[in-house]
Every structure is written in C-alpha cells, then in structure tokens.
Amino acid sequence: MSKIAVYRKEHFNAAHRLHNPALSAEENAGLFGKCNLPNYHGHNYEVIVRVAGDLDPITGYVIDTKTLSTLIKMEVLERFDHRNLNLDVPEFKTLNPTAENIAVVIYNLLRPKIDSKHDLKITLYETERNFVEYPA
Amino acid sequence: MSKIAVYRKEHFNAAHRLHNPALSAEENAGLFGKCNLPNYHGHNYEVIVRVAGDLDPITGYVIDTKTLSTLIKMEVLERFDHRNLNLDVPEFKTLNPTAENIAVVIYNLLRPKIDSKHDLKITLYETERNFVEYPA
Amino acid sequence: MSKIAVYRKEHFNAAHRLHNPALSAEENAGLFGKCNLPNYHGHNYEVIVRVAGDLDPITGYVIDTKTLSTLIKMEVLERFDHRNLNLDVPEFKTLNPTAENIAVVIYNLLRPKIDSKHDLKITLYETERNFVEYPA
Amino acid sequence: MSKIAVYRKEHFNAAHRLHNPALSAEENAGLFGKCNLPNYHGHNYEVIVRVAGDLDPITGYVIDTKTLSTLIKMEVLERFDHRNLNLDVPEFKTLNPTAENIAVVIYNLLRPKIDSKHDLKITLYETERNFVEYPA
Amino acid sequence: MSKIAVYRKEHFNAAHRLHNPALSAEENAGLFGKCNLPNYHGHNYEVIVRVAGDLDPITGYVIDTKTLSTLIKMEVLERFDHRNLNLDVPEFKTLNPTAENIAVVIYNLLRPKIDSKHDLKITLYETERNFVEYPA
Amino acid sequence: MSKIAVYRKEHFNAAHRLHNPALSAEENAGLFGKCNLPNYHGHNYEVIVRVAGDLDPITGYVIDTKTLSTLIKMEVLERFDHRNLNLDVPEFKTLNPTAENIAVVIYNLLRPKIDSKHDLKITLYETERNFVEYPA
C-alpha cells in the first residue's frame, strides 16, 4: 500500500520585521520596503505540518494528530506565539524572519522529533495570499 | 504537454467513533481517548478528489467535473452521507474509521470507476485542522 | 458611547439525529428524512458567542475573550464535544436536537454565567450552508 | 423602500501589545497575560466596514465600494498597516489597543468621511476566532 | 421565547455589467469604470437567506432548511445561475444589476413565498470583499 | 538545502462560456450543458502561482511576493479581469476557456517572466468546489 499523509494545522500570532543585520539600513529599506519599518508589524501565522508514512494497522493512524498537535505546540508555538520573532527567538537574531526562513526553522525544530521513517513538510501562511512550503 | 490535475470537492456528514474491534475496551480507550466514546460523535467531512491526466483537445477537459461530482455522489456520498460509518458502512465493520482509513476506502471505491490512465488522489478533511491525503 | 459587541468562536464535533420522541416513527421519517436515520450522523458544529455591552475603560475590554473562551469550553464543549447529543446530553432526551434547539440550549447554559447587563446572542453553524441565530 | 447595507472588507498587518500605561507592570501582566509581553506580537487584522442607507436610483449604489475601499485605505490602512499600533499610531499612545478600542478608533476616523445620513458600523477580526463590532 | 433566525447559503455563477440604460455611454463609463466594459464579466455570487420567526415546537424548526434551499433554487438559481443578468433576467432589462439591486430583486422574488409572519433578509456576496444586505 | 516553494494568490472576475468553435451548436450544448448558454456566465477566479527554487541567502526570499504579485497583475489580471474571456482575450478566440485551458494559458504567460531555474505551477479555482493544477 502507498504511503499516506496526515496534516495538522496550528496558528500563532507574532511580530516581526524583515531585516538582514548584515546589510545597511538603506539596503534593508530598499529590499524590504514597509516590511522593514523599525517598530515591527505582525501576522496571524497558520502552520500546516504534513507527516507522510505507512499506516499503522493497529491504530489506523500514520501519526496521532493529537500527538502531532502537542508536538507543534511544544516546539513551535511555545517559542513563537505572542513573541517578536526578531527579538525573542534566538534563531532569528541573525536570520531574516521571512516566511521562507520561518518555515525552514520550523522544519528543523520538528524534524528530530518526528520518526525518521516519516516524511515531513511545512506549509506556512503569512497571510491568506502569501504562503510557503518546505521542502518543495 | 504536461499532465494537468482536476479537483472536485464534495462533503458528507457522518457519525463515527474510533474503535478497533480486535482490541480490548481498555486498549481502545487508551489509544483513542474521547474519540472512542461509545455513543459516537460526528463530522462534516470534506472530500477532495484529484484526477490527473492529459487534456482532451476536443473538450478542453481532463474529466468533466460534473461527471466527477456525480461519481463521488454515487460511490461515496450515497454510502456515507447521514450515516454512522461504524454501523452502516460494511467496510468499517472491522476497520477503524480513522481519516486515513476513510480516505483509503474512498480511493478504493473510486479507483475502478476512473480511467486507469488517470492518476487519482483523495484528500479528506475531518476538521478544518485535521486532514489526510492518499496516496501521499 | 454606544455598546460594543465581542464575538468568540469555538467548535465541537457531535453526533445527532433529528427525532421528536412524541411522534411516531413514520411521522419522524416524513418530517426529517435522512436526518432521522436511526444510527445517527454528525457535524463539526461552530458556535459563535456574542456578548455586547459597555467598554471597561481600565481594560479596554467588554469581556476578556480568554474568559469567554473558557466559559464556552466549560459550559458547552465539556457537555457536547465528541458526544451523541440525543443519548448523552440530558437536555435532548426529550427535545429534538435541531440547530435551532441546540442554539437555545447553549443560550440557556451561558445566560446565567454572563453579566446580566450584557446582551448575549448565539450563532450556531451546523454546516457551512446551514446556520441559526438566537435570539434573532 | 427599506435601507440597504453595503460591506467592504480590507486587511492590515500590525504589531501591538495590550498595555494600559496608567497601570503598573504587574497589573498589566495580570490583566493581559502573554498579550502584554514587552516585545509585541501581531495580527492580520480584517476590517469590515458597513454603510447603510437609501439606494441611489441613478447608480443602484448606496455607496460605490471602490470609493469606500479607497477611503478605508487612506484613513485606516495608511495609518495602521505594517505599523506598531502602540508606538506608531498617536491614538494608542495612551489607549490600550484592544480589538474593541481599535474598532472605535476606526469608527471615529471614518465617521466624518461618510455621509451623515448613512449608518456606519465596524467589524474587526483580530483572529478568525476573536472579533468585535462597533456600534453593537 | 424570542424569535430565532435560520440562514441558508446558496450560490450561483452569472455574468453581468454595470450599466444604467437611462444614461449615456460616457456617463456609464464614468460611473462604473471597468465594471461597465461592454462584453460583461462575472461572479460566483453567494446568497444567504435569513428567515426569522418563532420555533415550531413539533419540528424544532423555524423553517426546514431543505424547504428553504429548494425555494431558493427554484426562485433564484433557476433564473440567475449560468445566466447573463443583463440579457437573460427580465428584472434587469432596465435595472442596473448592482449587488444592491440584485439583493432587492431576490428579496422580492422570495418574499411572497415565505410565510408573512416570518422576517426575511438577504445577504449577497459579489466577491469575498464586497457584499450587501437587504433590508439593512 | 532542499528547494522551497513560494505561493501568491490573486483573483479576477471574468465572464466566459464553454464553447469549442470547431464543433456544432448541438455538440457544444451536449458536451457543456448550461456552461454553453449563449449569453455567458462568470466567475470569481482565484489563481495561485507557485514558484519553487533555492533560497537567496541575502534576502531570505525565493522570490519577493510583491514582485510576484505585480507580475501576475501585469500579465494575467490586466488581460483577464472584468473581461469576457471568449470575446476579449485573444488566446481564447479558438480555445475553449475551461479551467484547464485557462491555467495552461496563465502558465504560458508567466513562464517566460520567471527565472528559468525556478519551477512554476498554477492552481486555478473556478469555484470553491472546482479547481485545476498545471503542471500536475
């Protein structure tokens, strides 16, 4: 039988600004426009975690979505929710918190906690109209 | 030209409980928690059927979505809608009606009715936050 | 200053069937069709609670949505979520669990817990296409 | 003929923290919990503006939604979008930017710009699950 | 007991252009811009019909949503779905098919078919961001 | 590091009818039913453009979504929005504007404008329930 994928959606609310500390203020303003404004803005981020693998014939689950939900809450929401990504999250001290980079950081936080025989993919909605997927 | 995929979304309302008849009551309660409560609960299931293949140059269709909608209604909704999956659907007499297993059953019901040269994939939403995809 | 309304949305998953115990089986089948099927079906109910009143100048709140969320969870979700409304909820032992009646029962559960100087209104979505509001 | 209401939905992304400058740090933390964290968090705010009045028989409009959209962009989004409400918006220098207060401020910004014979109402979504309406 | 409101949502796909036949081409272009382009454009209209009244103690319904759905299909969708509102619907031969006017026409089609002791209200979504309500 | 995908969603409102000019009126009516009605109908089309590639370490972007949004507006919305696809868009003079063919045309308009080292995929929603993806 083919693999099956399970998805769990969670959300967090965070402040951020797009800013690469290795660039000058002018370069940052030129690249990121109003997303670079100094006092931050924010989003209701929606994160969808996809775990794909074989069905466990005893449970009928690939992974229990309650387990997956708890894992996302502990590893991601505890770190990010109601926080300022640039100031409060160590990973973004030197890394620009674009949707792409946030998705990669979430992937790296969750990958060691998910059975290595399962595939993992992160979809992150920054707004309803802008979202990213990693790995593609 | 590459293949193109057509999606059709339908929904059904059904009762179920998570329960593996091969396990004891204690084991079921331990594995499935409140999803195992004896008198059932239910969901507004959303099913998205994806059919991928070559474009028919006469119609401009891969498959007519009206045909696909009718097929889903006849093969899936007629069996599942306003039913108790555990009690009313023969496939779940011995199979635990997790979202994963429901998606596999829907796939197996539709696969013989869809042209074998077309790819078929099922996405099933149990809630807005929990959903599965088969094959992954 | 005019009153302001605060809304909090929660959801629960429950089984039910439409059935008036005071009527015959034939009358129930005639009135409620497939919604009367004996083994129940179910829904992802979305409940939106509206509390309207004056703004508290200290907090800037009419009511703290965390307080309101906790209240809905304790009074409504604890009773209804993952339950069979007809079998598990005393209010529906003799009352047909239509969306209308469920909304009235939710209103009556919450009304004594909300400050009497505040207005209360319940909107209940049975599906995305069918919903009710009480009081109108 | 009765009045008719026209609604226009716009959105903005902003940072904020709940904080009443007239209270102590301990009182603010006690009242607002993680919403009071010092480095701000943020939201994708959705604002729905409702204008009700008589139909203009020449245009078939109460108000042109393009006019209304432009007005919301100029008066609200220009001030709030990609901003920190506490730091960048003068109205919230001393006013706690709860959803309730943001809705009142939006109302007060738009009311002088909308024909006085029309009714005005603001609905503001802070998240999909928390929203407010002014006047109620 | 207070009244209760029942809502049913249906949709139809139609072409239209905004055009007041009593005005000149220049006046129409000035008032309606690209909505006046001669070859029509179109929308997925969502119509939400609200019927408010007393609860029937036998059924637990204000009105059966299946009855309401059938009524909307017969009176509205049969006339409007997959049609050109300007060319195919007699009411819009001389009336500009703005969202406001479409909502009024739907109200007038349904009002005689709904029990006069019930209140009736129409909400019409032209897009997710533009919608109207009649009566307000 | 794996590739990452960026998605941008835009929408346009257009009229169309399904009609293959190479077939007779009877054949067209038989194949396309009410979608072939002569005076057109229309849709709120949602188009989601997916660009996948390597992350730029300077910007933290695969592609700036503002750039992508502007590109979709210039290449797609300028041609399609508030237009009649059959009459106003040269590509559909001889090509039936099914969702499948519209997605292919959008792909062909955007492919030369997107860096050739990036993957491109189009998802087009004709309605909430009918959508297509190209390439599959």
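Order of writing sets the chain letters: A, B, C, D, E and F. Residues in each chain are counted from 1.
By definition in this document, a residue touches a chain if its C-beta (ideal position, glycine included) is under 8 Å from a C-beta of that chain, and two chains touch if they have at least 3 such contacts.
Quick caveat: nothing in here was measured; it's all calculated off a predicted structure.
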Completion exercise
Hop count on the shortest chain-contact route linking chain B and chain C comes to 1
Problem - From chain F, the most remote chain by mean C-alpha position - result: C
Practice task
Specify the chain most distant from chain A by Cα centroid.
Solution key: E
Problem - Cα-superposition angle relating the copies chain C and chain A, to nearest 5° - result: 180
Practice task
Mind checking the centre-to-centre distance between chain A and chain F? Centres are C-alpha means, answer in whole Å.
Solution key: 28
Exercise for the section: Go ahead and note the Å separation of the Cα centroids belonging to chain D and chain F. Expected result: 34
Exercise for the section: Quick one: which residues in chain F touch 2 or more of the other chains? Expected result: 128
Completion exercise
Chains touch one another in the pairs A-B, A-D, A-F, B-C, B-F, C-D, C-E, D-E, E-F
Fill in the blank from the handout: Given the complex, residues on chain B that touch chain F span 1-10, 50, 52-53, 55, 58-62, 65-66, 69, 119
Exercise for the section: Enumerate the contact residues on chain D facing chain A in the complex. Expected result: 11, 13-16, 34-35, 37, 39-44, 81-84, 87-88, 127-128
Exercise for the section: In the complex, go through chain E and note every residue touching chain D. Expected result: 18, 20, 22-23, 31, 33, 95-101, 103-104, 128-136
